[in-house]
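Note that the chains are named A, B, C and D in the order they appear, and that numbering of residues resets to 1 at the start of each chain.
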Amino acid sequence: MLVVMQSHATPAQISVVLQAIRDLKLTPHPLPGATRTAIGITGNVGAVDSRTLEVLPGVSELIRVTKPFKLASREMHEADTYVKINPLAGRASDGLGSPSLARPANSETVIGPGTLTMIAGPCSVETETMILRTAEFLMENGVRLMRAGAFKPRTSPYSFQGMGLEGLKILEKARQKTGIGIVTELMDTEHADAVEHSADIIQIGTRNMQNFSLLKRVSLTRKPVLLKRGMSATLEEWLMAAEYVMAGGNYNVILCERGIRSFSDHSRNTLDLSVIPPAKKLSHLPIMVDPSHGTGKRDYVPAMALASLAAGADGLLIEAHPDPDHAASDGAQSLSFEGFKKLLESLKRLAEPLGKRLN
Amino acid sequence: MLVVMQSHATPAQISVVLQAIRDLKLTPHPLPGATRTAIGITGNVGAVDSRTLEVLPGVSELIRVTKPFKLASREMHEADTYVKINPLAGRASDGLGSPSLARPANSETVIGPGTLTMIAGPCSVETETMILRTAEFLMENGVRLMRAGAFKPRTSPYSFQGMGLEGLKILEKARQKTGIGIVTELMDTEHADAVEHSADIIQIGTRNMQNFSLLKRVSLTRKPVLLKRGMSATLEEWLMAAEYVMAGGNYNVILCERGIRSFSDHSRNTLDLSVIPPAKKLSHLPIMVDPSHGTGKRDYVPAMALASLAAGADGLLIEAHPDPDHAASDGAQSLSFEGFKKLLESLKRLAEPLGKRLN
Amino acid sequence: MLVVMQSHATPAQISVVLQAIRDLKLTPHPLPGATRTAIGITGNVGAVDSRTLEVLPGVSELIRVTKPFKLASREMHEADTYVKINPLAGRASDGLGSPSLARPANSETVIGPGTLTMIAGPCSVETETMILRTAEFLMENGVRLMRAGAFKPRTSPYSFQGMGLEGLKILEKARQKTGIGIVTELMDTEHADAVEHSADIIQIGTRNMQNFSLLKRVSLTRKPVLLKRGMSATLEEWLMAAEYVMAGGNYNVILCERGIRSFSDHSRNTLDLSVIPPAKKLSHLPIMVDPSHGTGKRDYVPAMALASLAAGADGLLIEAHPDPDHAASDGAQSLSFEGFKKLLESLKRLAEPLGKRLN
Amino acid sequence: MLVVMQSHATPAQISVVLQAIRDLKLTPHPLPGATRTAIGITGNVGAVDSRTLEVLPGVSELIRVTKPFKLASREMHEADTYVKINPLAGRASDGLGSPSLARPANSETVIGPGTLTMIAGPCSVETETMILRTAEFLMENGVRLMRAGAFKPRTSPYSFQGMGLEGLKILEKARQKTGIGIVTELMDTEHADAVEHSADIIQIGTRNMQNFSLLKRVSLTRKPVLLKRGMSATLEEWLMAAEYVMAGGNYNVILCERGIRSFSDHSRNTLDLSVIPPAKKLSHLPIMVDPSHGTGKRDYVPAMALASLAAGADGLLIEAHPDPDHAASDGAQSLSFEGFKKLLESLKRLAEPLGKRLN
């Protein structure tokens, strides 16, 4: 349920409504907007007599939200959500010194409609050298967010499981040196503090999309969450997973399509670009696409990256590696730096007629 | 197996090779190229001693084709196939008089890389008026191929099954009046002659992709075949279906992706755009996309049409209807004329940076 | 819609109702039952004023059928359908002489609840010798229906396509010599007369489940139809395909589950035994299972055959071959005769506690 | 890789081999058998010169394991694994007093081939009363393992999330009072100690099948693990998840099929019984089936339970509830006690001809 306040409602009136909601044993979620504030209500709203709230001063109207997801729904939050990343803000206390590469005064990246935000990098952190080389390459080419896994979910217990905490340290160094923002996966609650500290965006992987304990844990962090779609998740289940993160108070969720499981065997997964328009219709959250995992094959990544942009994606996750043929994991789907630069050029050309700008 | 002739091989040498292949109880398929001729061989090639053919005058080399599809494979036919449509060529004897709308001297449409060919129109032929209105609207907007079903595959025996032969007559009139090319579905061998006569492109529907008797029948027609992918067909099975048509002598096959079956329920089918790059890699045939059936929802068609173009499609099948909300079938996924015109504009803007031109 | 007549309604009263339905431009389907007659109505029943029929003498009540399938639904036809096969009835005029193996006076096989009907044999007719050997083996072991394809749907145009009409002749000889009933696939309308003549049950394959022209054609035959589920057909679509056959007047439809397409790769298809209980709930038609195609691997067939019986199947289609390792098609999923006999023994033991008897 | 020792190899010889393996920086897993010991080796075995180990005294042969799963594979461990549960063993120190219902001297349940082990109970712990009532009902009917969730993975953050630690206490009381064994789900590492303490079998749910951090954590517990198949997991991925648990030292893994995601919509999931024979072929681990989640509908559970038994399952998980229509979760798929008793009778009748005995 959503309480829409009048445009001239006072903070005091809003406070009264918030308290009235709490008195009903429900949870209020204030959603300030450009012209007026709305207050989402979660909990067992079925039994609420709407008149209790409607009569309060400053209340314009009450809207029942018909979807099982509330905070993630466009019904409750009509305007698009923009997620802001500022890798260097508040990092002075890192003790790592100031970045050697000067960043523009406004180093903020804003993810959402109107732009295409690029996140690129290797599947996993392998060495400090390759991470620094990648970070520098990306910043030189205007890509301000780097992906790389320190903790790797691997099908086999005998495969390389990632460098762990040491990998996080390497990522922090790369940010410190280049100013690049870090996107890295959190696999369990145990490492939540460490990943929250090191990352600018916390990635939740496809296999953990319904790891509800983990979702609740990241709902308590202050970092945006990139939520990959589960391999066999419906759109509704995906938005319900986002709802877990938002219900805990973290509203900065970025959806990421990365391919679903189907009978189709020409690619590693079946990249479901057709999820973008309904996701945009049902939800206000930004949505990205990962064509590297979606296709599993380097040759097919550029075409699907362009298609993602045309389909309305707000960003792309691309695996790029200085030496893809010797990558510790997922080399077959990683672009070389040269291949990535060519893709960037194509994306820039395509973005303009679509009314988008590369971030 | 593929016999590559030397570039200066004479017609007589080629004839000798063709006969030698027939003598081995195999079937030769001459494939003339820009600089030299190749000869595909189908049949039980496993037992052939390659030296029998290698020693013949004019033979450059023998290549074993590793895919189960031969004629459809890029291994055997490296250059892209362009399918040519000329709706008015050889129709003078129709007795329907000359077209009232003059067409340019070269009214040929060429389907293949470098262009995006639009095919649009209603799901089914409903009345002569609406078909004429649609044909005129399309021609005015530069779209020279119209889709409309006279025979409709319907899940229920109690649903409208199409106007049948009467529908074909209406389509012929539309071509005669406007010069538009006709794309219409053939559902059974019984109506093959009639559909071959009326259509400029014969459509094989998703439910008939492995109706092998029907594939063999259309392999004998002289009209290009638009082969929709089966709802649960792998890429290999799809190319094998194309192979059925080509093995019978009809090399003008256009593939058409229209969505596959998956668990995903946000759209009618799961449009598998990621099939385009591997289809292009494995085969030389042009490939189109039908986002109307792929999504099943009008609102999602434009985004997926743009994405298809960006992914490398050579054409689009779009359902457009003068009055979608009162369509006899599939109204929910049909664009209005106004919606279609807007989409055309977006496609034109996007085609240019992709090095494509709208057909 | 369903008109339920009173139990003492006279034939004259029934005739009046039938005519009244026809006068409404609808189609009546008389469904005689043990205690009273019901009359199914198909066509555009939405506009019918039910009082028109309710007031007629002998009418007990009118029931609206809520499913899109009518004749196939249990709502309209509550009692289980039993399909009767009598391979020798009315065949005297074949001119093939009398069968050399005497059959019991009552050679009829009844397919439906309470029994498990076995249909076994090779994938395709290969030679007269192997077919006769198989027919004799089956009859000796109490199996009175043999499956074998004369027309084979093959993914590749270069694979063995079946012996065609010659194969049908061989099957007829096997029946004539042994009295065995013949189950064989019809792939197109062209061969409908020939297959209707030769077969005791006409099989419609999985790839043709939505070949609506073929369904309409077999709806006009007088032979029972074994309707395999399409690879990606929902239960409703399957019952709608049965409805096509029944709407044309052929009420003897046997459903056959043969595995669906999923991401799962441990077997050729994913045998969906869980479709049996809902199919039984929604429809009165008998249902069989084909674990040979379902699994694609000989070793897994017996376990899945037993599971099919336990899940409530009314019959089994099993591929058995005198020499599976040299079969012309599908050898990997065919049981040897020895393996088949062992399976028969296991099935017999299991049938008893399930209240079933092997047919 | 697997080192097979000679049947008369001494403990000292075995020790030498174990040390030699460790010296190669690999991990040895001693697998004692009835007649001789084998030693599994995991780690990077690719580089090992097999002669280093072959020449050691007592070594019979070295076998390369071709599957990516090693400890879970039948190649490495030929004999079936039997998992033993003894709910009361070593619980004296619980301080809860002795059980009020005397259990037979040998209260051990052995899960594996030859038996069908029943695990039943409600979806979630709701109240102490209902849990006790269920435990007593089950023990009276010979069912010695109860399932009930204290921690519930729910799609919506607003749904009942389980009673948590309080729920575990209730389950412990039920065991203490009745002697019943407890099967309950662990959702995160945080509650691993508590669940290990309270449970006799730790359940890993379908959504956590590839929660590798959780798998590693339970690999360190001393309780058997019931590993549900992921909704879209291939058999190989499932066995790799089992491998995670075994690689950490916990060899007591029970597989549990619970339905996969497919396009099919007649049941909640598509119960894949055909996975049982290949799972048994590739692995020595016992396998159970959960037809309650598999079908999602009470009416379909008995048929699929019988089918599971016939397909070769070693056990069943059945949701049963004293008042299914008022269950806090999953009521639609829960059997009433009466329905469950009827199912038990049917299962007993069917088990005998299959050479199985109900546990």
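Just so it is clear, contacts are C-beta pairs under 8 Å (C-beta built on N, C-alpha and C of every residue); 3 or more make two chains touch, one makes a residue touch a chain.
The structure displayed is predicted, hence computed values, not measured ones.
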Same-interface partner of B-C, chosen from the options B-D, A-D or C-D, over half of the pairs matching
A-D
Pick out whichever of the two, A-B or A-C, is joined by more C-beta pairs in contact.
A-B
Take the average of all CA coordinates in subunit A, do the same for subunit B, and state the distance between these two points in whole angstrom.
40
Please compute the C-alpha centroid of subunit A, do the same for subunit D, then give the distance between them in whole Å.
36
If you average the CA atoms of subunit A and of subunit C, how far apart do the two points sit, in angstrom?
52
At least two partner chains per residue is the criterion; list those residues in subunit D.
232, 261-263
For the complex, which residues does subunit C have touching subunit A?
261-263
Quick one: which bits of subunit C touch subunit D in the complex? Just the residue numbers, please.
232, 234-235, 259-267, 270-279, 281, 294-295, 297, 299-300, 303-304, 306-312, 349-350, 352-354
In the complex, subunit A touches subunit D at residues 42-44, 68, 70, 153-158, 161, 187-190, 207-208, 210-214, 216, 231-232, 237, 240, 243-244, 247-248, 261
